[in-house]
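Next up, some structures in structure tokens.
Both complexes below contain chain A, partnered by chain B and then by chain C.
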Partner chain A sequence: MIRYIINRLLSIVFTFFFISILVFILMHAIPGGPFDPVDMPLSDSAKAKILKQYGLDQPLYVQYFKYMWGVLQFDFGIPYQSPGETVLELIGRAWVPSLILGGSGVLIGAPIGIALGLIAAIKRNSIIDYITSAISTLGLTVPVFVISMLLILLFSVWLEWLPASGWGEPKKWILPITAYAAIPMATYARYTRSAILDTLNKPFVTVLRAKGLSERKILFRHVIKNSAIPLVTVFLPMFIGTATGSIFVEAMFRVPGLGAYFVSSIENKDYPLEMSLLLMITVMFCFAYFIADLIYALLNPRIRLGDKKKQ
Partner chain B sequence: MENQYKIRSPFFYAVMRLISNRAALVSGVLLFLIVLMAIFAPLITTTSYEEQKFLMNSLAFPSQAHWFGIDDLGRDLFSRIIYGARVSLTIGFAAAVCSVFIGLPLGALSGFYGGKVDWIIMRIIEVFSVVPPLIAALLLAALVDGGFFSIIFIAGIFGWVQVCLLVRAQVMAFKEKEFIRSSLALGASPMYVIFVHLIPNSISPIIVGFVQAIPLAMMLEAGLSFLGVGIQPPLPSWGQMINLGINFMFFYWHMALFPTLALAITVLVTTLFGDGLRDALDPTLKGKS
Partner chain C sequence: MNKVLELKNVSKIYSETKNITNFLSKNEDNFVAVDNVSFSLESKKVLGLVGESGSGKSTCALMAMKLLDITEGEIFVNNNNITNLNLQELKKYRKEMQIVFQDSYSSLDPMMTISKIIIEPFIIHKLHSTNERNEIAIDLLEKVGLNKTYTNRYPHELSGGERQRVSIARALALKPSILVADEPTSALDVCVKAQVINLLQDLQDEMGLSILFISHELNVLRSLADNITVMYRGRVVEEAPTEQIFANPIHPYTKSLLDAIPKLDPSLRKRRTFIDDNYIQSNIPIFNLNDVKFVSKDHSDIGFVEVDNNHFVEAKVT
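What follows is the complex of A and B.
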């Protein structure tokens, strides 16, 4: 187990540096620079001075190593778009709305999805089953900005129940949270349904039935427990997936969150911010998958005990 | 006595399974209609997508003359949606072709040789799995400056992983079979075995991978165009039109609703058809995604 963990950590480090190099090259390969005179003309000497100040006059590999050396000490640089703060401060500030909305979306969507999937699995081929599969197919296939647009058209344009955009009072949070909740709900409804159906077909359920256990006890004591593993493992990656989802949801609902910075940092060639955002997402995904695999191993006695036998 | 039962090909059973799957059948028919609509766009609508013919009644609501209304620049929205189907579907299909071109050889090599080749290809796939496609696509789109062909290329780069994994699994399952081993024992070169035996035997995962790559590419295109880095105007793209629709949705809802519905329906039927095809070609995979 320890060997496995070390191997995985090494592979994360490898991936991290590989992606950092890739992103750095790509980023600088995009024509144009951060201080090209678009809005206000800069004299050549002034531009040279700014470039020097940010170290952009040095060769690329020097810039890369300098930046990565900083990253290793948690110094992610200063964003060109708002030089008054560090990248970390900007991300910390902008992430709050994204985290509130995305987090509540997942926390609300996942239980509803599990409940729907459970009912659908028990009452197979009923109307509830069909509705659930329709909802989950919609949520999994249709892009999140389409869902957002339909929500806005329905609830703010036609019914005029809820405000469509903005940030602040909780009433404005309802629609974006619903949009965020769609994906977790759909994912969980589908996974739960298939996991429960899978377990219900296992021989041990037949044995339990033969023993005379009530269906309710079979379901709640045995089946759910045995189907839970895949559900636990998809949670973390999905949670982090809301960070990318924020690009669209926040653009649709005009929320001042992290989402807009993904696009603006690329558009404005804001190198430090761009690098930090991408590295952050990469690392979070790496660890999410890693932790999910560990939890999987911990929860599954076959893997956990099988490993001990080998040692 | 002669055998009363006609021996049918596996293809026949696949078609029967596909037809008996109602959702897949309905979405297949709808998809076919959308494809026809895209191909015969000039016959369906006489106004082109960029003609500002109706400037006098800009932003007019849907009517008998203009089924989906008119947009802010005096263009018929129905024509733009129909031509948008062309863009979306072409990108979907072309990107899926790209995905198969990249994924098929890599999957076959990695499944056949295993070992180091497999390790390297798996590490590449791992890198792709931790970088969100959309963000990487944003970077690439900025690099190659949007445009039709760049989007196809970008979607292909992110679509091949699924094809590669499907082919790899199939090749790994087949390479231990007797006919492969005897072929190798008779002196066939690995390349010959891969191209003559293994790839033809992977045809159903290839079809599945191809069809499943289409909606992903369409969504990526719509997403990029929505953010303004994809298809550039005047070429119509549903993602781009949705983005424009946000600005008008409170007063001129038709600007937002129709592109949204067009995108939602097309992506939905393509996905459902792909799932149905997967179930029909490989019943053992049923219900697993």
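What follows is the complex of A and C.
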């Protein structure tokens, strides 16, 4: 078990550096630079001075190693678009609304989705099943900004119950969180339904019926436990994924979160910020999968990590 | 003869309401998997049910155990009609009949240890104290040729043959009088297959079991079954005591099944024949009404006839 954890941590380190190189190369492969304003071109000498100041005149590999050396000491640089603070300070500030939005979106959407999927699976091919699958198909196919617009139209413009945008007070959180919860709700409903149906079709469930166990007990004693295994591996990383990728909702509702910075850092070639945001996501995903695998191993008697005797 | 399990004119139609458009338009795709099938299992005997893949054997087995809705027909257990019983009323019959499936792995809950799996029937039916349960579980394991070192293992830690023994032990836990074995040996290698069949034979003698043994190979049934029922495309086409089936097969489908048995003597070996539907359709046996009598009749001239003592076949009668 310990060996497994160490191996996994090492592979996370490897992934981290691999992604960092990839991102660095791609970032610089996009033509243009951070100090090429279209409206007010700088003189050559002024530009050279700025480039030198930020170290951008040096060869790429030198820039890369310098940056990564900083990262190892938790120095992620200064964002070009907001030179008054460090990248870490900027992320720390913009992070809070994103986390509230994404986190509560998932925390609300996931349980509802799981419950819907469960009901749909038990009552498969009934009208409830079809309604649930229609809802989750809508949630998956209708882009989140359309959902956002509909919510704004309904609750802000017509009913005038809730503010259409902003973030300052909790009342303003309701609409973006609702819009945001739609995606996890839809995906979780889908996955749950198919995982439960999968288990329900296993012969051991038929045997339990033959033994006279009631459907309810079959579900709670056997099916849910067995379906949880495949679900954990899908759900945990998705949780992180949805909790970070709230760009559209943030844009629609003018939430001052990280989302806007993703876009602007790429547009403005804000290398330090772009690099930091992407590395941050990489690390979060790596750990999400890592934790998911650990939970999977704990739940699943088939996988005793590192237990060579039985593999 | 005392019939412990009987299917009377049973049919199964699978109707597919696969998607929402079908559901809304009430547009159903119907598929007749079992078509007016009757057969019965006599007390303390083994009935072999044989037929190619898809002929409806498992469907019959599941209906016989009331694990699948019956489209038409009736099921009798010890001469009681259980066709329309609800789950509560069925519970006491559940103890009487148990089932063993082909896939030993998915038949066992992967999250439970072997002893928990075997004990569960007692929990369901509230039988015995905890200590007794554990003792009985060990007894059962020994009965199927395993021992108590297996109790705390998980299904994946056993071989296929061992898992199948656990399935059998679990099936026997409630001391059923009827065992339905749906291709229990198909996934096992020849040697283990023989062991499991011997085990079933021993248990049958010892516990006075009546067994419905499903297989798609006739040779598996030769030593085991007292009677054989042959199914073809959802219908019973021949039914006779085992020796009769091997000595005097009448229906072309039964003949092709016999031809498909691998021969030991190379001089008898033919090229493996595949089941040819055209051949079967065009070779349906024909009898004269003076020689045989209809047992049941489907169309004006096709029905089930008794050609010999207890030897029935689907045939045309002129």
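Here, the second predicted complex is superposed on the first by the 276 of 311 C-alpha atoms of A that agree within 3 Å, B and C clash if a C-alpha of one lies under 4 Å from a C-alpha of the other, contacts with A are read in each partner's own complex, and residues count from 1 in each chain.
Please note the rule applied: contacts are C-beta pairs under 8 Å (C-beta built on N, C-alpha and C of every residue); 3 or more make two chains touch, one makes a residue touch a chain.
Note that the structure is predicted; figures quoted are calculated from it, not measured.
Student: Per the contact definition in the header, classify A:149: touching chain B only (first), chain C only (second), both, or neither.
Tutor: first
Student: Name the chain, either chain B or chain C, that contacts more residues of chain A.
Tutor: B
Student: Output check: A:301 vs chain B and chain C. Expected answer is one of first, second, both, neither. What do you get?
Tutor: In the superposition, A:301 contacts chain C only.
Student: Now for A:85: first (chain B), second (chain C), both, or neither, which partner does it touch?
Tutor: In the superposition, A:85 touches no partner, neither chain B nor chain C.
Student: Contacts for A:212 in the overlay, against chain B (first) and chain C (second): which applies, first, second, both or neither?
Tutor: second
Student: Touch check for A:263: first (chain B), second (chain C), both, or neither?
Tutor: In the superposition, A:263 contacts chain B only.
Student: Examine A:57 and indicate which partner it touches, taking first as chain B and second as chain C; both and neither are also allowed.
Tutor: In the superposition, A:57 touches no partner, neither chain B nor chain C.
Student: Is A:203 touching the first partner chain B, the second partner chain C, both, or neither of them?
Tutor: After superposing on A, A:203 lies in contact with chain C but is clear of chain B.
Student: Would you please give the residues of chain A that touch chain B in one complex and also touch chain C in the other complex?
Tutor: Shared contact residues on chain A: none.
Student: Hey, which residues of chain A end up touching chain C in the complex?
Tutor: Listed in rising order, the residues of chain A that touch chain C are 125, 127, 130, 133-134, 202-204, 206-214, 222, 225-226, 300-302, 310.
Student: Once bound in the complex, which stretches of chain C touch chain A?
Tutor: Going by the criterion above, the answer is residues 17, 20, 23, 62, 65, 67, 87, 90-91, 94-95, 97-99, 101, 103, 106-111, 120-121, 124-125, 154, 156-157, 167, 170, 174.
Student: Along chain B, where are the residues that touch chain A in the complex?
Tutor: So the residues of chain B in touch with chain A come to 123, 126-127, 129-132, 134-135, 138-140, 142-143, 215, 219, 222-223, 226-227, 229, 242, 245-246, 249-250, 253, 256-257, 260, 263-264, 267-268, 271-272, 287-289.
Student: Can you check the complex and tell me which residues of chain A touch chain B?
Tutor: Listed in rising order, the residues of chain A that touch chain B are 11, 14-15, 18-19, 23, 26-27, 29-30, 137-138, 140-143, 145-146, 149-150, 152-153, 156-158, 164, 190, 194, 197, 241, 243-244, 247-248, 251-252, 262-263, 266-267, 274, 277-278, 281-282, 285-286, 289.
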